[in-house]
């Protein structure tokens, strides 16, 4: 795992490489004074990414100063000033693209999350993300989900037990799989199992797991499972859920709804830097 | 810059962390034999990402074998087998999510690019990407654009000169900016200038640049510029262009159309691993 | 986080630096043939560290072959051959010290863990480790605990919620602390709270946590808590527990006993390489 | 080799991973003011590790201030304040465990070293450490030995020549081994040879080495060697020496006594952070 | 690619390793006050390397202050003070060798470049460097060339197309090679082709490349090519050119002269630090 | 410190960056068969760098095979085949420049060293290098010195004590400086002192150091010192020595002559790759 600072350092190197040749050629002898700039929203949504933008300008020289006017998790409309920056023009130009790429990406996710969260606001179900994230940016995409009002599912393969078909196929039965997990895994972790039918759900329910993921079950099947469960274990609906059907799933009374759409269905939110 | 292998190593660490606790607990004493699996398309599109998927399974243990049946740049329909893998089940499970996340992301971009490219196939204009990419994955997103039939604009700030408003504002005039660039920059690089009005375009045209980007100009203005230019310099239309208006811009006779939509407008293409 | 390979690469660089000057000077023109060697136990205990020793010899040149005769978690007595190696003498000499340092360290922990586990074998209580580990080697020290028959507590600050006095002091009350945790933390994590008195224990019990750590409570107090709890939440005794008093704590009927002694109380187990 | 800062960065990442989820959930909206804390000794010993503890809090945010009241190499008794810290509570909590793990480990070594050094204080022999150290922390464990009053043997395979049995076996004779070393090695390095019998000692003595290690020789044999040597070369007794027999070896008049016990026989010294 | 800071960090680690043992032993208890020092030129030439020297002292502790009196690209004569430093003596001693090694190396290149540039000052031809650079220091050696008044050829294999014999041999003909390049390469890059005869030059001229490198052609052949070209494409003379024959090549009227001698023919410029 | 493999990986990334665009465009669909190539000497000298060249081609894909016909330390004349390679053309082209840059640089040093060594062959004095090396390549430049028949002085600040004027100035006297060093430094290191006058030499001689460097002393002064010393300590002449005066210094009977010229006075030896 990279530290946050190293992640930004590498992202900046990707863009700047051996140097910004345009600024070097044009601003070389200009002995420029620090200039002011603002980051402004160009569309409406929820801001997320403040910490990463800060790290971008910290990495460049350390003399740049950035102050966020709108903090993560808050709404903006087009024209709203999100942050004020000051620094040498060549440095602001160097960090501009990376800062905006990150801010747009994370704010887009927060904005889309907020939309989905509002749709199911009146129901018990809470919104969860998945492991379908952009490699190397998962921590931050999951942060954006929280800024949008959603909750996170596990961070990776290391912090939560999720038993899938392939595991069950290898071990032989749901019962044995759960037994192995209980015996071998650190007791600080919860044990979740993925089922893809009502029959499998019933078998899992009788094995003492903490949490059952109902994968690709219809709204009717999820309703059935919720009834059968009667609050015994945590129930999560998953698989092909997005804004077109999320309310139907929420109405079943399920505890959690998880969907990759919360991150993968988002579009970048538009921001610009004006000098 | 990270090597490709290190990029994949870090991406895998992000997901696996201190270990896949589910597989460790369930498959521990299983002494499993190598199993076979296939990666299959679940929607129609253009494949891209073969090399990264290969690196994922190389990184895990080196014993996994993966063979691509459909190569980068080729079309798939749902159900098509894209690759065959064999290896230990716990290793395939470890690499599964990362491999699919990368393959889906890149193939989504290739698929969207192909669509845009086909729209303007009958015109002179070629499609270019931009620097609005996902940090740390630019090289590969640009590769996906090429797999889709598009062309790449510059890789970063280091391999092409692009003079923008902020540069001109600091230097004082378009003419001086171009002069500075010609004198100070390595002659192996082309000099491009971004203009946002017909007046600025005319001024740039008289200064001896290699390439002019017409930024946020209307279709009419771009037509005007193309006429005025009469083939003297390379002309690129840019700003807010997507599938809704790309054909109109292509009709102007401009040389290149660049748009962040080629990457940012793409949705992941769905793939699955079946054991 | 470093990959396991990079961890070993760095550990080898620490010892070898710019080169093993003795071997370079003495064996330079010797054109030595691969030699065989064995790793043998010089005291009795439980083996742990097979995977790291393998990585050491993999890192050196890749031509060395090592085969473990006694696998992790199994017992050895002095003289037992643990592994057979073959390779160039200068390479075996280069990896020898690091391989033995790792094997001795981990096997020492596994051996000490096994001893503690056996002491409480007849009771319900299971043995847990803590975060008092050697920086950069936690994953492997916790692996050694498992090889010795113990269980792991959380890996770090990121995979389990543990509310301590300082948190409570800042938030104001146990009740509020637990409420905040339930609302803000991903639901995949369990919530544990540390209490240092019977009064605090009772308060925690009424707040709906999953797990209570009884920190530095006397054997009598732990007994009291176990009775009061009546199986409602998981109970863990912690603080100053080692082989001198672990049985007393186990007799209380507590679910888990956690102690840094499992790792910090271990002495290296002696191994040697013989050519 | 990692820089000291990178070593600490990685050690912190090991513990914090993707974030301290407890503090994030509980202290999130608390907008906490900087708090003061002290690091206090909970047992008696010698302090070592100041520089590493400083680096831990530097790494976290840079705003934390830490001032050491007791400096490396000085004695503490239980209750002594070793250092004063101030900073945001969530940051102090983040660095607490790593700082204490390092301080306890190094101070434990310094304390144990001091004890051994005092035992042989009235004799000519000086105490040396060995290469049996914790991988990646050798530099700092050897620093702790110095803080305790001991001296260091070589840092690694690269800064001193030590000819061992395996080298001699390959080359053919002690005489040839020493000749090769004299001819091929940079003359800035001393040449030491390890012997495991009086006969081998005599042979080595006649070959012009700088230093002879008497490995696993009895006290009587070491005495014999010291007499025979009559001050010609440096003599070092090694192998199985600890507090039970170190004085006997010192009485022989040998120049140095080296033992892994100086580091591996140490127990962590107990410290706590109080807010 | 390493960031500039990481490059300097690694270079410092190469020299300092586990610590400067001389300063540690001698200055340990000295509690030294910050001292002043100057970097002075000991021979005449052009200064280059200011930024790297700054990074060296930044890396050490951050308290050192360095101020450059003579800036990059300016001339010095023996005795000239180039920079003033203040800091702790042990820190200045630690950075001294690396700082001087870098400053001498880069200034040597700038000095040699200036000499070559002056030789051809009255001609059209500009001086270019090549890819024959010291691995890991190319960016900075090319910076030194610019400080000396030269221009840079491409940075690497990634930012300019240069078609060589081996490419042509594989593709089959100059014409096909150029066609492939035009079709497949991003249009932001120029296309250069290397030819080693007048015949090949003529063929290349007819294929629409941007730039032709005349490799190892005699002065007469280059003259011929310049005449034939009549300003159509950029012409570069290359191969075995140094101060003995550069003026003859410049007289041909060629646009650029590239030579590895600009970097590889330079000797370090002598500087010293005086306390 | 970087591992050798990482050093080469970074050097290759410096040249290849995001990809060799020329080969990618031209050889893309060529489905090329492995080709053979040879590395041949183009001037006369001593070969050095075999191991690094091997690492370059290992890093690229692992399928390239390289076999050295002339080994490190042996002579070549123009036209001699040094190594045979086979592999895919695009891979050979990718590694070509880096491999040749390294081989030329190291062989140039070995060649120049051999020349200097031969000049003093009939005298007692041995040739030593210094710390004036190219940052990040010191280990390899010192290897080239050995391949040329020279010996190495210390690797860095960490493996040998060298007391300089600035140390003496701070401590107060030569006597005190040596005393401090004897007391504080690990006894495995030798203690050398640099003197710049006969008076300082005499003072140092009386203080029990192991080695005295006579810095910038005239040939006469060195002769005087050799007589005075009468074999008591190791004597090293240093400062401004090169092929013009090295024999005169050798005639004095001094033990070692150290000079940066051995590395910095070398010119690259010319090699080429022919397909």
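Letters A, B, C, D, E and F name the chains as they come in the text, with residue numbers starting at 1 for each one.
Following the convention adopted for this analysis, a contact is a pair of C-beta atoms (placed from the backbone, for glycine too) under 8 Å apart; a residue touches a chain by one contact, two chains touch by 3 or more.
Here the structure is a predicted model, which means the values were calculated and not measured.
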Labels of chains that are neighbours to chain B and to chain D: A, C, E, F
Farthest-lying chain, centroid of Cα atoms versus that of chain E: C
Reference interface B-E: repeating pair among C-F, D-F or D-E with over half of contacts shared: D-F
Interface sides of chain E and chain F: same vs different residues, half threshold: same
Separation of mean Cα positions, chain D and chain A [Å, integer]: 45
Averaged-CA centre spacing for the pair chain F and chain A, given as whole angstrom: 52
For chain E, residues that touch 2 or more chains besides their own: 1, 13, 17-19, 139, 155, 158-160, 186, 189
All touching chain pairs, where touch follows the definition stated at the start: A-B, A-C, A-D, A-E, B-C, B-E, B-F, C-D, C-F, D-E, D-F, E-F
Touch list for chain F against partner chain D, complex: 1, 126, 128, 151-155, 158-160, 186-190, 192, 211, 234, 256
Complex contact set, residues of chain D against chain A: 9, 13, 17-19
Touching residues on chain E, where the partner in the complex is chain A: 1, 3, 139, 155
Residue ranges of chain B in contact with chain A within the complex: 1-2, 7, 10-11, 13-28, 30, 32, 89, 93-94, 97-98, 101-102, 104-105, 131-139, 155-164, 166-167, 169-171, 177, 180-181, 183-186, 189, 264-265, 267-268, 275
